[in-house]
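Common to both upcoming complexes is chain A, partnered first by chain B, then by chain C.
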Partner chain A sequence: MMANLEAKSYMTPWQLAIVVFVTCVGAQILLSPRSLIADAEHGAGISVVIGGVLFYSATCLMLVLAKKYPDETIVEYAPRIFGKIGGTLVVIWFNMLFFLQVIQIFYGMGKIITFYMFDRTPPEVVILALLAVCAYCAVQDWGTIMRIQQFMFFVAYSILILVWLTSILNLQPENLLPLWPVNIKAVVGGGLSTWNMYAGYECVLLLMPLVYRQVSLGSLIKIMGASFGCLIVLFLLVIVIIIGVLTVDGAKNLLYPALIVIRSVELPGTFIERLENYLLIAWIPVVFDTLAAMMFFMGEICMRHWRQADHRPWVLFLVPIIYVGSILLDNQQVYEMANKFTMWLGLAFSFIAVPLSLSLSWWQKRKAGTGCG
Partner chain B sequence: MTDMGGLIRNRIFKRWTGCILILILSICLSGCWDRRELQERHFVLAVAIDKADEGLGAERGKDVDRVEDFVQPHGSKLYRLSFQILQLTPSNNSEGAGRGNTSTSVISTTGESMLEMIWDLQGQSNKELWFDHVQTIIISDAAAKQGGLQPILDFYHRNEEIRWLTKVVITDGEARDLLDYKPPSGEASGLFIANSLRMYAKSQHVPGWHTDLGDISTSKDNRRRVLLPRIEMADDVVKLGGMAIFKNEKFVGYVDEYATQGGKLMGGLERSAVITFQCPEHSGSILAFELFSHTTKIKPHVEGEKIYYTLDINIRGNMAEMQCRLQHDTIKDQDIHKLEQLVANVVKENILYSFRIFQDLKVDASFFGPKLEIYEPQVWERVKDHWDDEVFPKTSLIISVNVVIEGVGAHQ
Partner chain C sequence: MKKIKCIQKLSKHLPEASLEMSKKKLAQLQLITTQSTEFSEEIGQIIAQLRSVAAPSSEPFIFTSELQENEQLLRVVFRDCSDIEFRIFDAAGKKALLVYLKGMADTSNLERNVLKPLMSYTAQETENTASLLHLLTDMKLVAENVLGAASVTILASAKAAIDAVMTGNALLMIDGLAEVASIAVIKYVKREISAPYNEYALQGSDEAFNEAIMDNIALIRRRTRDTNLKVHIMKIGERTNTAIAVLYVANLVKPGLVEEVERRIGLIKKDKLLDSASIDQYLVDHPWSPFPQTQMTERPDKMLAALYEGRVGIIVDGTPVEILVPCTYNVLMQAPDDYTMAPIIASLIRFSRNAAAFLAVYLPAIYVAVVSYHPGMLPTTMAISIAELRSRTPFPSFLEAIMMEILLELIQEAIIRLPAKLTGAASMIGAFIIGNTVVQAGLINPLLVVVIATTAISSYSMPSYNFSMALRWTRVPMLILASMLGLYGVILGVLAITIHLCSLRSFGESYLGGMFNVDLLADWKDSVVRLPAKLLTRRPKEFGAQDQIRIGDNDGQPRS
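And now, the complex of A and B:
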């Protein structure tokens, strides 16, 4: 028997940083800007920075928590912290975060692709096709998925950013003004709502056992800082260019302002036109690797929770559930409600469940230490 | 169970399963099931929107109008929608698709909803109409005055097939006539107009800035004025020049080429322009300055209730024509400075001319309001609701122009 070379037992901290970056940047770069700009208006860029700092802090807390339980994921240590029922609820909560994000991404992607590329094809068909491809990737071992993510990080992202940067030609800096005064409440609210953009960093709770031996906690926190720095720069680039090209009021009234921004680019002296199609072509693999990774994480959580050896049956089991979930989001209003619900669920997980786990684990360890005498 | 496991492990079984899978996949992935070949499509190159009783043409009989019409369950016959369609198959007509010539045809109908009219127009076409390549939308001012821009352009803003960079122009004649126009270059008139508009940087009389379909959408969303380039046609002559101004999507009026040039100078949008003036020393002689580059800075100032703007302009260029050149010593700095001063005065006059026209029309065509919003947001909050009607017409503009003549051409 040949060893399974794709089953990874370790990864470097930089690989983790790439995984976090690639998992976070998914469909939301095209789906989220409208609602963020509508809420925070000219302060949307500040919201992105606030969100980045906030969710980086949450990631650091997760790393500290994970470091306390080496060789285990949250699926194993949550029942020890919260008890059997409480732990199960936390695991379900954790898995629900991925599930809700995945169905929203499928819905949004189906909508965008049918609207801009295949206007006569029902979104359900596009979702089904994409789901099949993502499921095929998610049933692979982590080594394969990680390699795809690394490949996408260097190839798809460079194309995506290059195409996006062409919209600088239409940027009017005055549209970004006035930067002050900003509606502080709206900007802070906008910072929280950027969770949808940064979501995916929770994967460190699953991947930490593969990394912790390679590096100290301090270095890992620094490396994750680089990952979040890149995320902030990318999201800022998206938001600033959208406002600079379309103005706040213009962006608010468009369903997918990022695509309209790129649609209004004219490259003088070239035969290249309708750049939104190029952006979509680069965006599809970006979304694919986010979805594949999230589906893998969902399968992995189920596998670990039920103490099985293989995540693949779980991925296949989840495929119809994901499909039904994504087609149940049958209109924009339901989608936005689901989006908001997921955001609060995610925020509560990061800023209530994780700090609580950390406090309880400290308390339990201290108690155990005192007990030993 | 064991038999089943054995079967799955069987090499021949695996090979056959693989072959069947490849066959099934190759059937599914063999190409686009809903493909449409180029020659099976009718590409719309230009759209003309007239009032329903316009665009008829003298030679057309009443029967033609009746056939073009359709029974409309709701609304009334407000607009005449016409399409210029590209003929991809060679025409038998000797005037048709010859070398360098584009063969087109025009179809029309009347109605109120743009989409309903498009579906009706399909009855005049043997192929599906495609809007991916619409280059120009021509609106007659009578149609625009009837209900404003919103009912005319809403469909085009929503439709994902239409390009965001589609050119939109207005004409005081009949828009459909421009679709029938045959440019001397042989190309379709829709393309001809779009390409002419793309040259706006080369003509100070054509307002090409922020006048595309997408820009109009952004201006509407921001409740700002909309500017549309004006196109006129008489016999076989077609010309772009001047512009129409819309406020709250309603037609306000036309401004001439000189005001258009002043507006471009105000906004720092001129990339190339000619500024002509009389030589003060030799009456009857004209001097022409060719602008090469141009920057402007508009800043609002508030003193109590009074709002005024300062406009600093830097212009660089050449003296391109001096009908009295031998009587000026253009080697001397003194003479060059005199000319620079003259150009600066002419630019000031031009800008003030445009500024007063915009004030008279009560339309902030050069974004003075947004500057106030940026630099004095609190003042803007106070005046924004009555900016166009009351505040803007009373503001004043202090202009400072700095002209640098870099050369005088090949002769001194």
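And now, the complex of A and C:
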């Protein structure tokens, strides 16, 4: 049995599950809770579960679609399904999803870091520094990026969850009441708005050619279910603790409630103080993981679309565009507008473009079968 | 006068004795002499041309059956080499020549096994002389029937013969034969097998490699009776022609790995190769990286253990530190003592070693970041105490840390370079300066001294010296990042180093990536921790050994 050869030309289903997990988590565990709690209030937890199930279904559709075109990514088969122009539009749409998420994460991350760690440093400096490191990672081959993601999955996430769990000390269970939401519509709406938290699962459309030979579709769907299960647990942990510590009213009036929650934790008799710094230290690698993967995906999409052999020039080409994009989101209103736009773009991609692709692909195959007699 | 008239010219009676005729004949003789000289030169040139046509371009000349001519050619090659001995002797009436390098060849062996058998026939004219004369018509017959040496090789190539002499072999040539015999009589002054200098094991073997390649191979062979352990010897270095042995276990090594190692060694274009470290730089994929991408060892037991995990060993003649590939972070963090102590203790030591590696790189940077940018992360009493200490020193924390680093590096360098008798004094002065004087002088605050001392001790605890040097190197960029961006900079530095280490590959294996690869989590049993020996039934998957099971029912055959 051979393992770990030169460039990775395949990945195991569990590796795909880890990649999906780390790509989805990203910055949103700190950036998104406020808007979700504001929308769904006490039902935010239920919205997280609804969102998880919804986007898991979307992922399953993507897996079915990708399985129909083995050895190809959406960049190659979209033009065959939608025609040359339609296919190009779908590819641009797909790439735009990553681009918009990346610039929003950079913006949010820059704000948080300057707010909590360097109040006198301009966010541009913070963004630029992380952008350089992400670009360094994104110009590596996929095998290297996958190893980094696994490394971070074990190291950064364990520290992040450990630090976050200390906030249970301040949890007031009565703050979680009522458990059942009054406003069902808001909860369902909240479920849709959790797209920002789960976004990133679209990467399966690019990575399936590396996995499909390793496992059947059924097993892959089950393994991906485990990945989404972990995501739901993690997001529930974040939302429930925020509400339990701050109450719904307290949380929706704060920009970054998760950091206020952790800041309020005191561990007397220990060496540890200002836990929000520890959380941020663990959160930066988590954000980096998502950003580096998305930047790689963007470079890969461009490379495949223009039929080139190397994604690196594209990553380097995209670096200044990402930087300018993240700087252009210069206030919270613009950011929230971009956030909403990206959400609808993402939802439309998952629930219109992908099912449509599947239907067209079935129709085209049936037509081809009929033509053959 | 009359008497004078009686004397007549000889030419009057013998016209051919006339002066004109003599001059004419002399001129003719001179012409013939000149022509003969020219003719001789032309013949010489023709012979040289013919010889150069016969000799292949890679050969300096070809041997002929004329011993005198062969000797002359060899003397030209070895001119001004006073340590080359040309010993001419008589073997059953035929001239023979023995050429060897004084100091590299065992002369008593030559006397016993070459000179004595050949010359004894000349001394006593017996009927055996006739049979020897028959044997002397073919070098192969001489080697098979006359020479008593253990290893004799018949050579036709002049280049191979010259190489053989330079390696310490003796060359036997017999008049009438165009072939030469290379007799293995290598014997030179060398260091005895001693204890390892840098990889001492508390309960392990005390044998270490020395500078002789054959001794080093023997140290490996002596520990195993496995015929699957293969040794390929190559010669590299245009001038030094250094012998390099590639060792591997044929039914374990990952397919293609040995070929790749040999390909890279074959691509080395260099005039001299004096040590394994210079070869190492030709083998690695990222020569600019500070991290070692090959493992160096002076322990034969360690090399053998690595060979049985599917890795490849490279032994270089003239150096006691040999190379193992592929090399990953995991193998660099393993020490021979890990296997001689209780598994639970070995696991704890491995954990502390990993923690030490982290501290060796990041501790000064974390100190600078926390003190300069995030003092709020410290308990209030400690923050006040640090502020008080820092108020006594004039420099910012970054500058203090850099000064301490420079001081530490200087002391370490001085201790390494000084003669052994002076290192104790240098250590004491260093300790005194760092521990006491700089603090009393108000240049550095005592907490930083503690931090830097902890860092230094952490880097000393690394099993690989090269890896510890790499950790020392990475401290400085980390300090710069910490001074510019505080803990954010430190985290970015951690990420950059992680990316670099995951992107590094040693013969296809990821340097760090294998550690947390979900496919290779089974390897944790002998990497992050060390399980009891009876649970280590499988080889590390990381190196892709053909037979994953160490002991089993497949008799060492590759598993399909």
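We adopt the following convention: the second predicted complex is superposed on the first by the 366 of 373 C-alpha atoms of A that agree within 3 Å, B and C clash if a C-alpha of one lies under 4 Å from a C-alpha of the other, contacts with A are read in each partner's own complex, and residues count from 1 in each chain.
We take it that a residue touches a chain if its C-beta (ideal position, glycine included) is under 8 Å from a C-beta of that chain, and two chains touch if they have at least 3 such contacts.
These numbers come from a predicted model, not from an experiment.
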item	value
Touching partner for A:K252 - first (chain B), second (chain C), both, neither	first
Contacts of A:Q150 with chain B and chain C, given as first, second, both or neither	second
Which of chain B and chain C A:W93 touches, first, second, both or neither	neither
Partner chain(s) touched by A:Y136 [first = chain B, second = chain C, both, neither]	second
Chain B versus chain C as contact partner of A:R274, first or second or both or neither	both
Greater chain A contact set [chain C / chain B]	C
Set intersection of chain A contacts, chain C complex versus chain B complex	121, 273-274
Complex contacts: residues of chain C adjacent to chain A	254, 373-374, 376-380, 382, 485-489, 491-492, 494-496, 498-499, 502-503, 505, 508-510, 512-520, 541-542, 544, 548, 559
Residue ranges of chain A in contact with chain C within the complex	1-6, 12, 14-15, 18, 113, 117-118, 121, 125-126, 129-130, 133, 136-137, 140, 143-144, 146-148, 150-155, 271, 273-274, 277-278, 281, 284-285, 288
Residue numbers on chain A that touch chain B, as the complex places them	115-116, 119-121, 174, 177-178, 181, 246-247, 249-250, 252-253, 260, 263-264, 266, 273-274
Chain A-touching residues of chain B, taken from the complex the two chains share	34, 132, 160-161, 163-165, 212, 214-215, 217-218, 221-223, 370-371, 373-375, 377
